Amino acid sequence: MTCAMNAGEINAFLEKEFPQIHINGKVFEVTEVKPESVTIHFTPGEAHLRPGGTVSGPSMFTLADLAAYAAILARLGPVALAVTTNLNINFMRKPSPGNMRGVCRILKLGKRLCVLNVDIYSDASSALVAHATGTYSIPPH
Amino acid sequence: MTCAMNAGEINAFLEKEFPQIHINGKVFEVTEVKPESVTIHFTPGEAHLRPGGTVSGPSMFTLADLAAYAAILARLGPVALAVTTNLNINFMRKPSPGNMRGVCRILKLGKRLCVLNVDIYSDASSALVAHATGTYSIPPH
Amino acid sequence: MTCAMNAGEINAFLEKEFPQIHINGKVFEVTEVKPESVTIHFTPGEAHLRPGGTVSGPSMFTLADLAAYAAILARLGPVALAVTTNLNINFMRKPSPGNMRGVCRILKLGKRLCVLNVDIYSDASSALVAHATGTYSIPPH
Amino acid sequence: MTCAMNAGEINAFLEKEFPQIHINGKVFEVTEVKPESVTIHFTPGEAHLRPGGTVSGPSMFTLADLAAYAAILARLGPVALAVTTNLNINFMRKPSPGNMRGVCRILKLGKRLCVLNVDIYSDASSALVAHATGTYSIPPH
């Protein structure tokens, strides 16, 4: 199993095709692409915080969704625009202040659907902050 | 069953306590509070779009999460800061360009957990765009 | 919008094609098929109970899954065997002893995927016991 | 981190407290309890099958729910009866005929809620058949 795109190629693709995700600054960056997992780092800005300095739930959802999207790009390349059909996320611990990362693993890559998991961590701790499972529809390619 | 806060009070509370949600402009506004449902309107800005002008999944998650939070405020008042523990969202149709709304109904309000549904629509169509079910933890109050 | 099968036809189809669901007695029966919803009644037996006489979670999952399957049959007819790809269920209240029902509404019937909701009630109460959202894969037909 | 109960103790507890799960024969058995995971084996009977000999979705839900329950028992002991509040399950591959197993890992064990994952496999293959994430309410203990 090889990867169709590396981290730099995915970042360049996202920047070109999804400029909106960087509209508040470049806060998301794919840092590692391996056959079994893709890691995205997230540097929260003011817009991503909640009272007390904690990172908001919607920001973590964005991280999960982007990690999933990047993992599908890594596997299939930029041939097809996958679409989120279902995402289930459990928020387990208040994230520590500071940067976070999402680690995505593909559970199944079928012809029409891709199912994957994303684990979300604070850089400051090894405890799992949130866990998501998502299903993405893969257009014919 | 009466409401502890009306639409204006919830908007004022969110603006004061969660100024971050308005950091890209005031795009979310509670427009209707009834005992059985709470409606939030969403005026997507550039940051909420995806290629082709469609509203992004994370923006709809934000709408669902905020609608749920507002519905709990409407019922309990500003005594307790509910925390999202689980949110499951199905994206069913590409939203029409333009404004959207989320309609939240509480399925169960227990002492410790609140379970609710959010239906998301484009203003331009009556077809359901997305459907979310969420669980919120209610702190002792 | 019309229905491709009525309640009697769906019950006969299930009995013929899925005899296993009746192996502990005929506990599930489609009782109403309308264009907007399908209702299944459930008469729990000893095998479906938990200590204290409450109906088990897996039994309610079975009810939800069967209600969804029946709703797809009602719409498409027996041409295609839909397959569950995702089911998310929230258990909200302990069911009252006695019979239950599941009411399924299709949220989206696409070419490849069907998304639907199931509300589960005890016959003895109007309070919602459980709520499920499911996605089913529709084979080419 | 140690375990409060071992496999034999959990099996004995389930048999005594939940005799209903064995009403169609003893098909579920806890086979391994480790601090980081609990494994349950499942020997499907006629009642658990679907046309073509495949194991039904509700049977896999039962396996997931029981694996989760056993994992909480392993950690807390028989002091508290955990209750399923949410379970999200993705079915990814048709299981191979024959026995199956569920492997449960606790993601978070809080005072009030426990969140965990269950991976479901056919014994005949290493490919993941289904993946569940569940939330259980822990009564005061």
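Labels A, B, C and D are assigned to the chains in the order they are written; within every chain, residues are numbered from 1.
In this text, a residue touches a chain if its C-beta (ideal position, glycine included) is under 8 Å from a C-beta of that chain, and two chains touch if they have at least 3 such contacts.
This one's a predicted model, so the numbers in the text were calculated from it and none came from an experiment.
> Between B-D and A-D, which chain pair shares more contacting C-beta pairs?
By number of C-beta pairs in contact, A-D is the larger.
> Among the chains, which is located farthest from subunit B on the basis of C-alpha centroids?
Following the centroid criterion, the farthest chain would be D.
> Report, in whole Å, the distance between the mean C-alpha point of subunit B and the mean C-alpha point of subunit D.
It comes to 34 Å between the two C-alpha centres.
> Please tell me the distance, in whole Å, between the geometric centres of subunit A and subunit D computed from their C-alpha atoms.
Comparing mean C-alpha positions, subunit D is 29 Å from subunit A.
> Return the residues of subunit A touching two or more other chains; collapse runs of consecutive numbers into ranges.
Residues 85-86, 88, 90, 92, 135 of subunit A each touch two or more of the other chains.
> Taking the touch definition from the header, please name the shape of the chain graph: line, ring, star, complete or other.
Topology of the interface graph: complete, with all chain pairs in contact.
> State the interface residues of subunit D toward subunit C in the complex, per the touch definition above.
Interface residues on subunit D, with respect to subunit C: 17-18, 20, 23-24, 46-51, 56-58, 61-62, 65, 81, 83-92.
> Flag every residue of subunit C that touches subunit A in the complex, lowest number first.
85-86, 88, 112-113, 135, 137
> Along subunit B, where are the residues that touch subunit C in the complex?
It is residues 88, 90, 92-93, 107-108, 110, 115, 117, 128, 131, 133, 135 of subunit B that touch subunit C.
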